[in-house]
Amino acid sequence: MSRIQESVIIRTVVRIMVPFIQLFALYVIMHGASGPGGGFQGGVIFGAAIILYAMIYGIAEGKRKMSDALDKILASTGLTIFAATGLACIVCGGMFLQYNAVPLLPDPALVSKYLIDLVEIGIGITVLAVMISLFFDISPPESESEEVEE
Amino acid sequence: MTGFELIATHLPVLAVVVPLIAGFLTPIVGWIDRRLPWYWVMLAMFVVLLIAGSNLATVINSGTIHYKLGGWDPPFGIEYVIDLLNGFVCLIIAFIGLMVSIYSLESVKKEVPGKTTQFYSVFLLLITGLMGMTITGDIFNFYVFLEISSLTAYALIAMGDRGDGVVASFNYLIMGTVAASFILLGIGYLYAVTGTLNMADMQSILPSIYENRVVLAALAFFMVGFSIKVGLFPLHAWLPDAYTHAPSTASALIAGLMTKVGVYAMIRFMFGVFTPAFVIDVNMTEILTWAAALAIIVGSVLAIAQSDIKRMLAYSSISQIGYILLGVGLVNVIGMQGGLLHILNHSLMKCALFLVAGAIFYRTGIRNLYQFKGLGKKMPVTTTVFLVAALSMIGVPGTVGFTSKWYLALGSIEADQWIFVAVILVSSLLNIVYFWRIFDNIWFGHPHEIEQIKRDEAPLTMLIPMVILAILCVFFGFFSCYPIEYIFEPLAKALLGLGGAP
Amino acid sequence: MSGIIDVVYAEYNYWIYVTLMMIGFYAMIAKKNLIKKIIGANIFQTAIFLFYISLADVTGGTAPILVGGHGGEHAEHVEHAAEVIYTNPVPHCLILTAIVVAVSTTAVALALIIRIYNEYGSIEEDVILAARRELQPEFSEHARQKGVAEVGEQ
Amino acid sequence: MIWILDITMLFFLVVCAIAAISIKDLLSAIIILSAYSLIMAIVWVEMHSVDVGFTEAAVGAGITTVLFIATLARTEGRSED
Amino acid sequence: MKTLALFVVVITGAMLIYAGQDLPAFGDINSPSYQAPMTQYFIENSETESGVTNIVTALLASYRGYDTLGETAVIFTAGMAVMLLLRRRER
């Protein structure tokens, strides 16, 4: 526990900042269709928010917010959303990932727009889960008992 | 449209998507029950094998399959193209993958304890990467899947012998990153002068700008990149350590498949992106044949000097890759057939040999081949498989190795390169030398090392895939005419642009 | 004047990419420290990305985000598209993918470095090599001599 | 494209790259690499590639640096070359 | 090692510069990659076909959506690989 981690100012600022960063991340994901941004960038920013939290409040506290099991499930979920979208297109008679084959709305371009958003969300979920898990795995364990064996 | 027809249209993409989905669902499957992932992987690999077989059958019966991903027309979207070449490589990937996955049950439990779920997830992603690299008709998509297969290979190799495995994996990572960066640079160069990423489209645009130096540089970058990936002789530094120290399942998979897919990519880029005329014109094939000949000799000689069986097999892999590239570099139909047949031969026998090495290690904990004395009585089936696969590598008549070496020799004669015939003969003799040491130890050695000799055969899940592979080595030795007639001959002609649709 | 600047500028750009690539490449081969190698890999890859991005740029172009509101009246926007010059979006898309690949490779490499440090207590290549030699005191060589001796006895 | 700015940026890139691979203190090297990524991101935005610049700023200058520093915390901070 | 590295690097760099002379000029609107049918098609049709104003997003998620699936798989692979390397064993 370093001096920075004990500083009240930093702890408070981080606690206030994290929701805003996450909100911004969601904005970036959803705004990918009409401006710079997208699932990947948004996912990284969302992951960075939780990483920031874990850096200041400690890995254990971070893992309370984002457990390993949840992490694994989220990583799989994101990819499942993406692949399921692709397979749904096949079921609707199109090619793999042919969004405009899905007869959801009369205007195929609009269907495509919404499915692109869905896909971006899927990417975002996978990316945020993996980024957090990368940080948790690579950062130094806090106690001896967590030390990697081998 | 019935459900069956619906699936039949989408088989090309399903060959990649099935292992991908299975791969990222493995953590969830393993979370339900620790023992399930093995069945899950087998199921996925079996489905992939069916898909790959059906794809190849379609190609043989009705020609090349084109699949437009996302429904976009080729130069705009990504296209999947399955012709004889990648249909056949896909079948090999799926088949070897299934065999190794059956084998993996006991071996993974012992060598990667407590991490089986992640191991199987990465295993399936490796298959995904290799499949994707093979089927794609888009050079950037190729790069993405190349990276999937590389990352998984790094992880699998690092799971091997404690420190050595990690260091080997790191060295491979550095070389692999250089290779991938070179390939990315080559793709960028080609894109800069053609404005397309589709292989077929690129092949039609390139001939008009062959005098452009950028094209030549791109070819050079691709060749260097792939040479690192396949471990061609001067750039093989990562290969022996990686093969030696990986867990036996991973060694078999990587030795049996990764380099083969690298060779496939080399062939595809030389003849499917550039044209044979250009590649011959800039002497790339000649350089390739000489490098391959050097690799054959040096690999065989270095293999003799090894005492670790996996390291010996790794060096012999270097020389076998040389055979394949020699056949490809000769650019005549017979030599090309020999090279392509050798891809089949090498995947079957090298996979079998690594599986045998793994099985011996599993039962006895020995990898030093001077301690194998008396093993023939202890593990008769395993050692017989070893004998068959080794004979196939030497090229004894009646095994598939004989046919491929025969074609390679004929091809060399047709190209008026008698020196390569000599190289093939010398290398076969060297093969006999290094395998003879092991035969001698296994059957004729006095059993000092393995204390109480009683039959202690490898578990059934390990034996079945090894035996199947050995049987196939012999089967294709006698019936190699069928694959040659249906696959390799039209394929070789098509690759060299001698008529016949690809 | 502007013509000369353009010519010099185009060449200068290209020289810079090549220099960056080669700095990274050199670090990957020659540096003994494993983290330095990965830093080099990052520089190498980023320089290649820079090459792609500069391919995409067009003098007087603008970012490939269509000007004018959002979806609905498509016809109007197509007209817009004809007036404005957009830079080439294809390399951007490719590089977005490639950046992700690069960070994945870096993460795996760093995990490997941590494992190497846990095993050998160093991240210097020559120290690790020396440690490996010490850990295996010619095991294979010794075993082979032993094996050869036994063959000789027979 | 403002060419003076661009030339200066590219020059800084080379300086940063050389510094990153030659400084013996690894923490400094990593921070310089982060600066390198940030300059790269600016150059890309200036070349009208906003998406890629955004990504590089988030990934190259952000996550990669965090991962590098986390690694340093578990290994050692000095390099022999 | 250092001299060898320097040698390799100089050779590669020389090759890059040799080849670079034939590359299209920087910012040239007539470069093959910009005038290619692919680029023009994307700029003209991406909005009508995919309903997205950001062409890069349209490319990333729709035209080359499959690449992006691969990219996401790469990320997932990296996560899995690091987990495999550094996590403690399950018991």
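The first chain written gets the first letter, and so on, giving A, B, C, D and E; residue counts start at 1 in each chain.
Note that in this section a residue touches a chain if its C-beta (ideal position, glycine included) is under 8 Å from a C-beta of that chain, and two chains touch if they have at least 3 such contacts.
Quick caveat, the model's predicted, so the values are computed rather than measured.
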Discussion item. Please report the smallest number of touch steps linking chain C to chain D.
Written reply: 1
Worksheet item: So which one's got more C-beta contacts, A-C or C-E?
Response: C-E
Worksheet item: Centre-to-centre on C-alpha atoms, which chain is most distant from chain E?
Response: B
Worksheet item: Per the centroid of Cα atoms for each chain, what is the distance between chain A and chain D, given in Å?
Response: 24
Response to the item:
Cα centre of chain D to Cα centre of chain E, whole Å, reads 19
Worksheet item: If you average the CA atoms of chain B and of chain D, how far apart do the two points sit, in angstrom?
Response: 38
Fill in: Multi-partner residues of chain B (at least 2 other chains)
20, 24, 27, 69-70, 140, 144, 147, 151, 154-155, 158, 162, 166, 191-192, 197
Worksheet item: By residue number and range, which residues of chain C touch two or more other chains?
Response: 9, 13, 19, 21, 25-26, 54-57, 59, 61, 63-65, 70-71, 74, 90-92, 94, 96-97, 100-101, 103-105, 107-108, 110-115, 119
Worksheet item: Listing for chain A: what residues touch at least two other chains?
Response: 34-36, 38, 40, 75-76, 79, 83, 86, 96-97, 99-100, 109-110, 113, 134, 137-138, 148, 150
Worksheet, complete the sentence: So, in the complex, the side of chain B touching chain C is made of residues 140, 143-144, 147, 150-151, 154-155, 158, 162-164, 166-167, 169-170, 173-174, 177-178, 180-181, 184-185, 188, 191-192, 197, 306-308, 368, 370-371, 440-441, 445-446, 448
Worksheet item: Which chain A residues qualify as touching chain C in the complex?
Response: 34-36, 38, 40, 109-110, 113, 134, 137-138, 148, 150
Worksheet item: Once bound in the complex, which stretches of chain C touch chain B?
Response: 21, 25, 28, 34, 37, 41, 44-45, 48, 51-52, 55, 90-91, 94, 97-98, 101, 104-105, 108-109, 112-113, 115-116, 119-120, 128, 132, 135, 140-141, 143-144, 146-148, 150-151, 154
Worksheet item: Where on chain C is chain E touching in the complex?
Response: 6-7, 9-10, 13-15, 18-19, 21-22, 25-26, 29-30, 54-61, 64-66, 69-71, 74, 77-78, 81, 85-86, 88-94, 96-97, 100-101, 103-105, 107-108, 111-112, 114-115
Worksheet item: Can you list the chain D residues touching chain A in their complex?
Response: 50-51, 53-55, 58-59, 62-63, 66-67, 70-71, 73-74
